[in-house]
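Encoded as structure tokens, the structure appears first; notes follow it.
For reference, chains read A, B, C and D in written order, and residue numbers begin at 1 within each chain.
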Amino acid sequence: MISNLSSDYVFLLAAILFALGAMGVVIRRNILFMLIAVEIMLNSAGLAFIAAGAKWAQADGQIMFLFILSMAAAEVSVGLALIMQIFHQHKTLDVDELEQLRGDRK
Amino acid sequence: MENLIWLLPALPLFGFLLLAFLGSKFNREAIAFIGIGSVSLATIVSLYLAINFISSPPENGFISQTLWQWMQVNNFKVTITFHYDALSLVFVFVITFVGALIHLYSTEFMAHDEYYSRFFAYLNLFVCSMLILVLADNLVLLYLGWEGVGLCSYLLIGFWYKNIKNGIAAQKAFIITRIGDTSLAIGMFLLFKEFGTLTISEISQQAVSHSSSSITLIALLLFGGAVGKSAQLPLQTWLPDAMAGPSPVSALIHAATMVTAGVYLLARMHTIFELSPAAMHVVAAVGAATLLIAATSALAQKDIKRVLAYSTISQLGYMFLALGVGAWWAAIFHFMIHAFFKALLFLGAGTIIEAQHHEHNMFNMGGLKDKLPTVFKTFVIGSAALAALPLISAGFYSKDAIIWYSLTAQNGSPLLWLVAIIGSFITALYTTRMVVLTFYGTSKTSLSYQPGVRMHIPLIILAFLSVFAGFIELPHNFGHVTLFSGFVGKALPTTLLKIEPSESLFQLIAAIVCLVGILLGWKLYSSNREKVIDLESGGLFKFFFNGWYFDNLYKVLFQQPYFFLARINKNDIVDKSNDVIVGISSWLSNQLATSQTGSMRWYVMGIIAGAIMILTLQLVL
Amino acid sequence: MDVFFYIAAAVAIISTVLVITRKHPVHALLYLIVSFLAVAIIFYQLGAPFVAALEIVLYAGAIVVLFIFVVMMLNLGKETSLQEKTWLNLSTWLLPGILASILLIELVYLINTQPNSTITIAEVDPKAVALSLFGPYLIGVELAAMLLMAGVIGAAHIGQRKKKYWHRFLQEDEQ
Amino acid sequence: MILVLLIVVLITGGILAWLIGYFIPNASKWIALLSCLIPFLITANLWQKLSYEIILGESSSLWLIEINTPWIAQLGINFHLGLDGLSLSMLLLTFFLGTMAILCSWKEITAKQNFFYFNLLWVLSGITGVFLALDLFLFYFFWEVMLIPMYFMISIWGSERRIYSSYKFFLFTQASGLLMLLAIIALYFINAQSSGVYTFDYDQLLISTAKSPYSLLIAIGFFIAFTVKLPLFPFHTWLPDAHSEAPTAGSVILAGLMLKTGAYGLLRFVLPLFKDEAIQISNWAIVLGVISILYGALQAFGQTDLKRLVAYTSVSHMGFIVLGVFSFNELAMQGVVLQMITHGISTAALFILAGMLKERLHTRDINQMGGLWTLAPQMGSIGLVFAMASCGLPALGNFIAEFLILLGAFQTQPIYTMVASLGLVLSAIYSIRMMQKVFFGEYQSTINDFKWREKTIMGLLTIAIVFVGLCPQPIITMLQSTVNSSLKLESKQKLKLESSIKQQIKYIKK
């Protein structure tokens, strides 16, 4: 087991992964890569939960991770189905193409 | 005997209700019958009451009858009670008697008018509210009569409502008298605050022992009410325009009864006025000023009814002068005599106008002396009374008493006496001018109509009264009959004399002034018309003709600003301020709408920025 | 014992950076698997063996595989990587980079300010996890079940190729 | 139990009128008329039955009839209806004007008739509830119930700009209503803090001596809510729009009753609950009242739309009410309640007249009217009676009310009352102008005079206004006890209140 000193580093790691995921979502114009980046963010959140659970030696962290996991699974399946539909209809995965829901049109 | 008083206002009211609701059902005779019937019955009742009252005067000088309790909130108690004493006896007698004569006259005068029943309904309602006014025991009931009379004068002035000008004249009368009524109302509020009651008898008892600073203010406010109703100085512009109504209306309302309501109010509230000499001086001063202004304006008028209107204002000026100086009974005596001869003059003028195809301008009339003999004779008697022809006309005795008291009574002063004398001189002048212009000279317009007997009877009776009514009150130096002042004195305080100069000397001066006026008038105006016209073309006459331009002054001071304010603010600036708020909110929503660009990455960045903000909050707090 | 942790952490970070920067989707996915494996190791070190196993099975196994299926179905091969080249220029990097770094700094700052407690990491065996999972968190499990059911039905429904034309004028020929 | 019956009859009447209207075409009118007349008769014989108690004012508790059952016990909300002199007179007015509104919309409303009568009856039930509710939460509930149907009546059956004005009406009243809700809740908690009892009940709040820095704010919250409803100067802009666009029945109910709920609120809630705060804001309130008297009169003079003109006259008359309420004087308080009744009658009559003219001439613009007296003398004379009533001619109801208000207010605020009595002159100006423009002068369009239905309506209203004008004493005695209690809780009443509280505590324990 790693010593408690470095337990804070786990949070640090989760933070770094989360930031990278966030950057990934914003940088890429292809929806697929955005979805991947979201997965990274979810994973880093799970990491943080597990670290906290380990720190306080309670099972809640791991249970929370389980819920995140199930949620991620459901989300990916729906997300990918959507991506397929988008590709099917718009022939492109470029996010900037999909902007019918604009608000500023008078 | 008490339980007859309620009949006085009830009969005309019953007549009004009958004519108002079932008017269209009756034919002309029935309408006339109801109209005159109700008022003459009231006259009979008033005569019966008067005789009983004079023969067996009740112990405390008045009889009263309570009908029902109007309103009672904690200590404020108002009942519908009629108070009948010497003062109201005189007023009731004049109102009912002159009213009946005028009703008789108008049955023929309005014979061919299509709204016959409406006219008599309004007249009856007027007589009823005037009787309520003079019989009221408390000021609230008096206010009821006061406003009722104002309403009826509005309805009757604007009787021929098809012509817009009559409507405007009626509105003017109602609004200006309403200003006076408001000042009366405020006076009543102040009175209630001081005395805790509005019943006139209680106020008189408490007034004596009650010394407080606001008595003068109360007196002035009550006088404000009187000024509004009796067309005295500040608020007199409505009476000349009120001539737009039919002549019987002018005779009844704007000569005999309504305009003298102010005099009655002051006489009834004399205890308040006695307590504040300052107020008495104001009353006298206003009376004198009105007297002069009205007399000069009457001198320059061309329309016969406007001459009489201005002369009414000036005679009222005399009455207020008398009240101001403390000659209470003289004012009431002049009121009675004035009622007779002014009603006579108005009815005469009505006949003349009716006979001349509704010609109002005196310069187009003339030579009626032989065409309308009875009208001419009665008109001359009336004018003599107006001009106060010494010894024979009743006007002399009543006006002379006022001129005498204006010098010698408690608040009298030589200046007031001088103004009164000048006033009587101008009165004599314009009266002869009126008589000469209408009756003498060559006749300009043909005679379209000979007045019937129902017009002549009232004229003759009134002429008789204009002469013999004066003899019930003769001054000290000859005859010394004090029937009237003795009788009215019971309800009014006695007039104390300040100084005792020789009365006969001053009577002589007054008589000479009057005679000089008549002769001068005769000489000036009986020459040919052109000379008279150019005599009156001067700037001064134009100034007098417009009633010293009071009308235009009020138009500029009050009417135009109010109209302007109402026009520009028609759709309510407060409403516009709401639209400002609406405008701001819609502009704001447009600005925010541009932030929805539709690009996914912009929204994600928004989310991240939100996350950062929350974290910074976490750091900061 | 810590040195293993640092190695795994470094691997995780590098592989995540590479996931974000790769042009070709399959390369990104492969690096993603590496990153998940590294995280699984860290889970294990944190005394949560059950979760580490789950991570590998579900995250690395199920989800990434799904991604690869989709990439294959839409055959996003060559031309996507060419396209990505055009899209990934410096301007797109700058603003997100700043934002992400601010986020990172704040998170780091926050973590350091917490007073780190002295108790050592204790291992939580799957038995304790199972007990509390079906104890107080029973409702959570049911909800998760419902969520997954929704996910399945949603994916099935959306994924269908419909004959109906979505738009009245734009005639879509059936692919 | 009778009190609940009153509201239930109206609500069921509304539903019946709506449903049966689909099957039998004209049935909804008769049902509506019936379900408005029954409560009127009930209240009338209540007045007879209770007249003995009213005079003595010795009834067991402060209220003549009371019904108090817990509704949401946890929050301390109970279904507490109570009747005293003030609410009895207001109920009589409500049902009387309700029947008038139904009668005058007999021919006018043809489209979607049954939904119209549903809305009308629900507004009346809301108003009845407002006048009876003695639980602040229940009061707010009925406050909302009366607002929604009125919004529908204006927006569906109104004339051209109905949508705009119904929005405006809704927004103004709703915003002020929410302000009141805040105030009620704040009061609820402050009272709970000090007396430990969580209750919305009016009686208990009355004797709670909870003092807190916010009580002034709460009082102002209530004050603004009621003065928006009773249009006071800055908040009056919704009234002319709502009135000129509402159908005749709508304006009758709006002017005759809904303005009175504002005044009722001031008398029932602001004065007794916040005695010293009311004194603090009394100066401002009176200034606003006087401004709205003069401003309303000036605006009425400038209008050319007949209904807007009458609407502005109500703004002016309502200014008298605020002057009367905040001068804390018995006479003025009696005047205020009489003004609520007489203004209700006279404005309802003027609106019905305006509605009839609109029906005949299809316009509300007075420049196109004129000389109507020649063709319709009865309409002319009725118009004259009510024009004179609105400018305070004695022997008609409004004079008594305005006279008492000014007399009472003069004792405590002489200067303001003098300025306010200027309103008498301005009111004469606008009512005379109205008479001149509509009934006198040369006539341009031919119209026919009253039919028998219109004659009955107008006849009843004239009899009512003259009756109140000539012998208002029965109404004054009815209000005597309320006026005294709303002004100062004499010790006698306080004892009675303690006794009624003990009963309640027993009730809650049971």
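Definition applied: contacts are C-beta pairs under 8 Å (C-beta built on N, C-alpha and C of every residue); 3 or more make two chains touch, one makes a residue touch a chain.
In UniProt terms, the chains line up like this: A = NADH-quinone oxidoreductase subunit K; B = NADH-quinone oxidoreductase subunit L; C = NADH-quinone oxidoreductase subunit J; D = NADH-quinone oxidoreductase subunit M.
Note that the coordinates shown come from a computational prediction; the quantities given were computed from them, not determined experimentally.
Student: Count the C-beta pairs in contact for B-C and for B-D, then report the pair with the higher count.
Tutor: Result of the comparison of B-C and B-D: B-D.
Student: Distance-wise, how many Å sit between the C-alpha centres of chain B and chain C, to the nearest whole number?
Tutor: Roughly 100 Å separates the two chain centres.
Student: Measuring from the mean C-alpha position of chain B to the mean C-alpha position of chain D, what distance in angstrom results?
Tutor: Result: the chain centres lie 39 Å from each other.
Student: Suppose each chain is reduced to the average of its Cα coordinates; what separation in Å results between chain C and chain D?
Tutor: Distance between chain centres: 66 Å.
Student: Taking the mean of the CA coordinates per chain, how far is chain A from chain B in Å?
Tutor: 95
Student: What residues in chain C touch two or more of the other chains?
Tutor: 95-96, 99-100, 103, 107, in rising order.
Student: Could you tell me which residues belong to chain B and also touch two or more other chains?
Tutor: Residues 605, 608 of chain B touch two or more partner chains.
Student: Scan chain D for residues touching two or more other chains and write them down.
Tutor: Where chain D is concerned, no single residue meets two or more other chains.
Student: Tell me, which pairs of chains are in touch?
Tutor: A-B, A-C, B-C, B-D
Student: Can you tell me which positions in chain B touch chain D when the two form their complex?
Tutor: So the residues of chain B touching chain D come out as 20, 24, 68-74, 76, 118, 140, 143-144, 147-148, 151, 154-155, 158, 161-162, 164, 167-168, 171, 174-175, 178-179, 181-182, 185-186, 188-190, 192-193, 562, 565-567, 569-570, 572, 574-575, 578.
Student: Given the complex with chain B, which residues does chain C contribute to the contact?
Tutor: 95-96, 99-100, 102-103, 106-107, 109-110
Student: Spell out the residues on chain C that touch chain A in their complex, using ranges where they run on.
Tutor: Listed in rising order, the residues are 1-2, 4-6, 9, 12-13, 16-17, 19-20, 25, 28-29, 32, 35-36, 39, 42-43, 45-48, 50-51, 54-55, 58-59, 62-63, 66-67, 70-71, 73-74, 76, 80, 83-84, 87-88, 92-93, 95-97, 99-101, 103-104, 107-108, 111-112, 114, 116-124, 128-129, 131-133, 137, 140, 144, 147-148, 150-152, 154-159, 161, 166, 172, 175.
Student: Help me check something: in the complex, which residues belonging to chain A touch chain C?
Tutor: For this pair, the touching residues of chain A are 1-13, 15-24, 26-30, 32-33, 35-37, 39-40, 43, 46-47, 50-51, 53-55, 57-63, 65-67, 69-78, 80-85, 87-89, 93-94.
Student: Touching chain B in the complex: which residues of chain D?
Tutor: These residues of chain D touch chain B: 168, 233-234, 236-237, 240, 298-299, 301-304, 330-331, 334, 371, 373-374, 377, 381, 384, 388, 393-395, 399-400, 403-404, 406-407, 410-411, 414, 417-418, 421-422, 424-425, 428-429, 432-433, 436, 439-442, 470-473, 476.
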